[in-house]
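Once you scroll down, you'll see the structures, which are given as structure tokens.
Look for subunit A in each of the two complexes below; its partner is subunit B in the first and subunit C in the second.
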Partner chain A sequence: MKRSLRPLAATAVIFIIAYALSVLQFPSMLSTRVLGNFLTDNAFLGIAAVGMTFVIISGGIDLSVGAVIGFTGVLVAVLISWMGIHPLLAFAIALGVAGLFGAAMGLTIHFLNVPSFIVTLAGMFLARGGASVITQDSVPINHDFYGTVTGLIIRLPGGGRLSFIGLLMIAIFILGALLAHRTRFGSYVYALGGNEVSASLMGVPVARTTVQIYMLSSMLAALAGIVFSFYTSAGYPLAAVGVELDAISAVVIGGTLLTGGYGFVLGTFVGVMLLGLVQTYIIFDGTLSSWWTKIVIGVLLFLFIVLQRVIFAASTPGEKSPEKA
Partner chain B sequence: MKRLHLERLANPQLLALAGVLLINWLLFPNFFRITWQDGRLFGSLIDVINRGAPVAILAIGMTGVIATKGVDLSVGAIMAVCGAVAATMVVAGYPTPVAVIAALAVGLACGLWNGFLVAVLDIQPIIATLVLMVAGRGIAQLITEGSIVTFNDPALIFIGTGSFLGLPMAAVIALVLMVLVTFLVRRTAIGLFIQAIGVNRAAASLSGIRSRMLLMLVYALSGFCAAIAGIVVAADIRGADANNSGLWLELDAILAVVIGGTSLLGGRFSIPMAVVGALIIQAMNTGILVSGFRPEFNLIVKAGMIILILLIQSPLAGRLFTGRLVPAKAARK
Partner chain C sequence: MANSPFVLEARGVIKIFGNHTALDAVDFGLKAGEVHALLGENGAGKSTLIKILTGAYQPDGGGVFVQGEQVHLDNPLHAQTHGIGTVYQEVNLLPNRSVAENLYLGHQPTRFGLVDHRKMEANAKVLLQRYGLNLDPGSELGTHSVAVQQIVAIARAVELSGKVLILDEPTASLDRNEVERLFEVVRDLKSRGLAIIFITHFLDQVFAIADRVTVLRNGRLVETRPLDSVSRTDVVRLMLGKDIAFSGATDLEPENAHSEVLLDFRDYGRKKSVQPFNLTVHKGEVIGIAGLLGSGRTEMARIMFGADPADQGTLHISGKPVSIRNTSDAIAQAFGFCPEDRKAEGIFGDLSVRENIVIALQGKLGWFRALNRDEQLEIAGKFGEAMDIRAASLDMPVKLLSGGNQQKVILSRWLATDPAFLILDEPTRGIDVGAHAEIVRTINRLRDDGMAMIVISSELDEVVAYSSRIVVMRDREMVAELRGKNINPGVIVQAIANHPDEAVA
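Here is the complex of A and B:
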């Protein structure tokens, strides 16, 4: 058990060391204000990353996440601003559409027996193209409900603010962790990622679980899109391009094994925070350009992949490493 | 037998290309008109070949990677890096050949890095190449210092916009590369070895194939092709744009390879058909543009195309065609 917790521990230790070093350099980084913004700024990424964690634990990948975020933003904005629908109803519609979208991807992956990577690639094109066909421009959202929700903040001592969307992300992470580690669905997901054939022989409903996993991922991506629309008060078809890569990076850095069957939802939380820390540090530094973010994330990704390799020593080449927990 | 296999593969792709071109012709009657002007050919058809060249070049390298059951997500980022290297070196006053060779060497090095991660560290290809996909654009921006580096070097510009025997230079490069690589893999045993690795790497290793070396080679070739594509694209716009050069082209390249009949599960591949796949994608692009639709429709059409190919390639369709609806044993390993 100890061995299996190592990647998570490594991520947590690296986060704490990195944060401590940043604080040594810029003492003001240790404030509730910065911590509160950590949560608010990364809320949409975090929510999308929870769904991605489930997909990756099941041995798949979902490239459509960023496009679904963009599509949901546009859909919600159009429903609210052009059609005058109440935001809550618009959210329900958006989540429903995303659920169907995810179910379609899951069905395709299972019944056509094709890699998730190519199916979700088609999903990405479809969602991004669909958003661009609805509108080319940024659609602003001016609804009282949005003002009310963005006004819901908890003030912390020291000037920090815990926003509604930041808290929502934390809630999603807690629910995600419970779903992964405490429910039957969660065990099915792990079983699928370990070995699909043995999972089905053990009586795991493979088809249903696959569909549910991709529904979950798409619906969480839609929720991330709603959160993103709170964050920007607009819907834009090219919003959140490449977020799927950030989400995958956060999941990997959080200690989830890419071959599936092993991982932690809460590790992803640390991964998201580590990505947020890199961005915040670069903003604080001021002299480093934003492209360093990408390089640092790439390096982190590399380090964690190698770390996983070292911990779960490779078995025969060309085979999944079967070790689990 | 190999030859027969190739011919059997050839038909659907060429038919699809002919079909797309025919639709374009119906939408736009002047589609096939080619004129000779200023010592080169002009026309929509030539435009398709010219615009399709970068994806075709990427697809040549990508075919080898996918044939080994891998995938290379970093080619778009490598394009940006190599375009940036060539542009900044030319601007700094290095002679053009030196700049081009340096850019090609960088592409090769990027490919070797991917190959090292996949072959030696045994990391899943999607993830191994993801590292460079994320970091590569940052590196490219580091090289160009965040700006778009423009240049006026005539020799370098010629690579992107010049013409050879009336054909656009980019298309000539793609064609030569296709012929060379096809000969390399089909006239030697390399192609067979690549297929063997794609079908079963462990078995290939046990039968004495040096799978590590070959995997390194395949990823190095992909990086090299990405470097060529990066130089062509940079030369075409006379500048290196670290943010947008080759953006999402890795997906187009993968799509081209899949349209070309190469199996994503490894083992079966065809380089010329991948190039035809790239032309099909570009012909559709051009068709959507000339018929007055918004370019965004492209994404939806591409998505539809992927779904169609998956349906055709799926075991389910195979069972429908053969009339045996009894499910085969779990085909996926």
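Here is the complex of A and C:
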């Protein structure tokens, strides 16, 4: 097996074991209802995590994701509820704004040669602050379109429901996987994460690719914000605080190397599901504080970072010695 | 346009950096189906010429011609479209991606807009077989040896450009078998009509594979010659610019005039760096180290100073066994080391002259005995005067000084620690004549004061002038120790050039 697949395999195995153990304890966790809710509850996190996967594979990080989700929720809610714009148009506007926002971050990172960490941190404050300037309160969305979309569900045998937003997340994952693994853009993203100097010498359009990566991340974050607004039927400036960190966790647990160059979009899916499983288990248990979620995520993250280190350090081919024959 | 015999040609190329002329009206012509070696010591202008030929730099005068037509190369990618591909010493590929993707990145075959991995890997397999590589194109590049990566890089360059291949020190990190394998690939490409520029420091390799050789020195073209008409000695002489007729042996006091043995290196060496060597250094003696770039000169110095500690052999200082595992050990034994690359390894550019001078002494004293400002000024002032450092103020940043004055600052830094043994790596490179003389004077003065020194230099005349013995390095091995009458440029050139099996006078 390729070494880059090993962390992903480990995640998948841990997910299956953890799920099996949970089912042993709470047999009702093995139901289409729980599985359907898995998808619905984590849809916004999953969509944002797809964008984050691209950013991390390219060797960067995007800390603005949670703030962009919050900003988009507020923007969409204000456009629909206060200004009476049709939701679809509001979505288009929100995605456009996010695209420009991501492009600005990408341009800054590339041309001013500033670490992505700093630029997206600034982006995070800008977006969060911008949302709070528009409104301090939660803005409810009451539009027929929202009802229609929320009503779009596929009923599964056993009482489960596949919601529209759950399916949307799956579609985004599939498109993301195609983009990463089957397009030139995808190969450029991996190339940037491998070695930016080599990549540019090999003819990778570094500037364009960097901008596209951050545009993709911000626009997917905006889509996640739209999905979140379906989920809550409101826009709130302090929504989704810290979601960027959950997304980074899911990406890393899904087998993507934080230093860039290696990773899988579908691994992130498993990572998101594993995080969802932990939350669901804690809800089922009922006696545990929900903060245990954080502890488990912390332990998992730590475990995976160590695991990746071990796998990549152990299998790096020894430097061929320049010794004279 | 006139039909040119050359695929790629530089005519009267001039490149000026600041007030330094890196290339002075250099002509260079490359024919199809030849391997053309480009030789020269550091600073001779090789890499500048290559960067102009690949479009990384623009010439300030003269022009680049591809098949007789003048071209303007904007960047290496643009050069690629003119058929010029380059492979660098460090493989500039992506170790995290598959071999196939490294071959075709940016040009992957697509179907319905998606990359067709199967077709790409099939093409890669066929392509690699032409280079004698039978490996899984889907495997990660980083899992293969540097030699294989080097060949993949060549395959990519040839695939994308196809007329001219520039190999910039491709063999620097390969072992002998790997070099042979690489040469088979190069010979095959040559027979297919490619024009190949080959840059290396290894003369053996030049004679093994090249058809013609161009030698540069100090930014000027020395000569271009077919290799079968020149000997190894000729080439070394062209590179070092030494007239072999000159053979004035220096008058130095006989061997027994030296006082006690200070250092005694026995079988001292480091794996993958320098073969074990034996060397004794007396007090009040200057030992010159000669050899071409890449012969192991600098490596030897770094081993002595503990920058790359020795992993075999023993060292006795004044008869007592000592082990030097790092530079602090060396400094504790009163060693000093002025490295070759002043800017990167020597000076702290943003710190003042004063701080640069006292820093090694402070390091030796430790944290708890900080030198106060007055002491620092006194020490810096003393050496500033003794060494004639031309600085407006001792508090100005050292990066604003000229190269020669920077070198004096580094020398002062070590002299402040009162060393018993000083290693100078190319102390006079790239500095003006006045400073040059000052440094040579200082070396002589320190020797007379009883300090032991090792001086590495490409300037043979200079080494000859102050050394009491000369060690010659070749292929990371100490091949000769010259003394007395043999200390003259002619003998040194012979020793550098000779095959190991030829006797050294």
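Rule of thumb we're sticking to: the second predicted complex is superposed on the first by the 312 of 325 C-alpha atoms of A that agree within 3 Å, B and C clash if a C-alpha of one lies under 4 Å from a C-alpha of the other, contacts with A are read in each partner's own complex, and residues count from 1 in each chain.
Methods note: a residue touches a chain if its C-beta (ideal position, glycine included) is under 8 Å from a C-beta of that chain, and two chains touch if they have at least 3 such contacts.
Only a predicted model underlies this, so the values are computations on that prediction, with no experimental measurement involved.
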| item | value |
| --- | --- |
| Touching partner for A:Ile305 - first (subunit B), second (subunit C), both, neither | first |
| First, second, both or neither for A:Ala171, with subunit B first and subunit C second | neither |
| Which superposed partner A:Leu288 touches (first subunit B, second subunit C, both, neither) | neither |
| Partner chain in contact with A:Ala20 - subunit B first, subunit C second, else both or neither | neither |
| Larger contact residue set on subunit A - subunit B or subunit C | B |
| Which superposed partner A:Tyr190 touches (first subunit B, second subunit C, both, neither) | second |
| First (subunit B), second (subunit C), both or neither touched by A:Leu245 | first |
| Partner chain(s) touched by A:Leu89 [first = subunit B, second = subunit C, both, neither] | neither |
| Subunit B and subunit C contact sites that coincide on subunit A, given as residue numbers | 197, 316-317, 319 |
| Touching residues (chain side subunit C, partner subunit A) in the complex | 76-77, 80, 92-97, 101-102, 105-106, 108, 110, 113-115, 117, 139-140, 142-147, 156, 172-178, 271-272, 275, 475-477 |
| Touching residues (chain side subunit B, partner subunit A) in the complex | 71, 117, 121-124, 126-128, 130-139, 141-142, 146, 200-202, 205, 211, 242, 251, 254-255, 258, 264-265, 294, 296-300, 302-303, 306-307, 310-311, 313-316, 330-332 |
| Residue ranges of subunit A in contact with subunit B within the complex | 61, 108, 111-115, 117-119, 121-126, 128-130, 132-133, 136, 196-197, 200, 237, 245, 248-249, 252, 258-259, 289, 291-295, 297-299, 301-302, 305-306, 309, 314, 316-319 |
| Subunit A - residues contacting subunit C, complex | 2-4, 178, 182-184, 186-188, 190-191, 193-195, 197-199, 201-204, 261-262, 315-317, 319-325 |
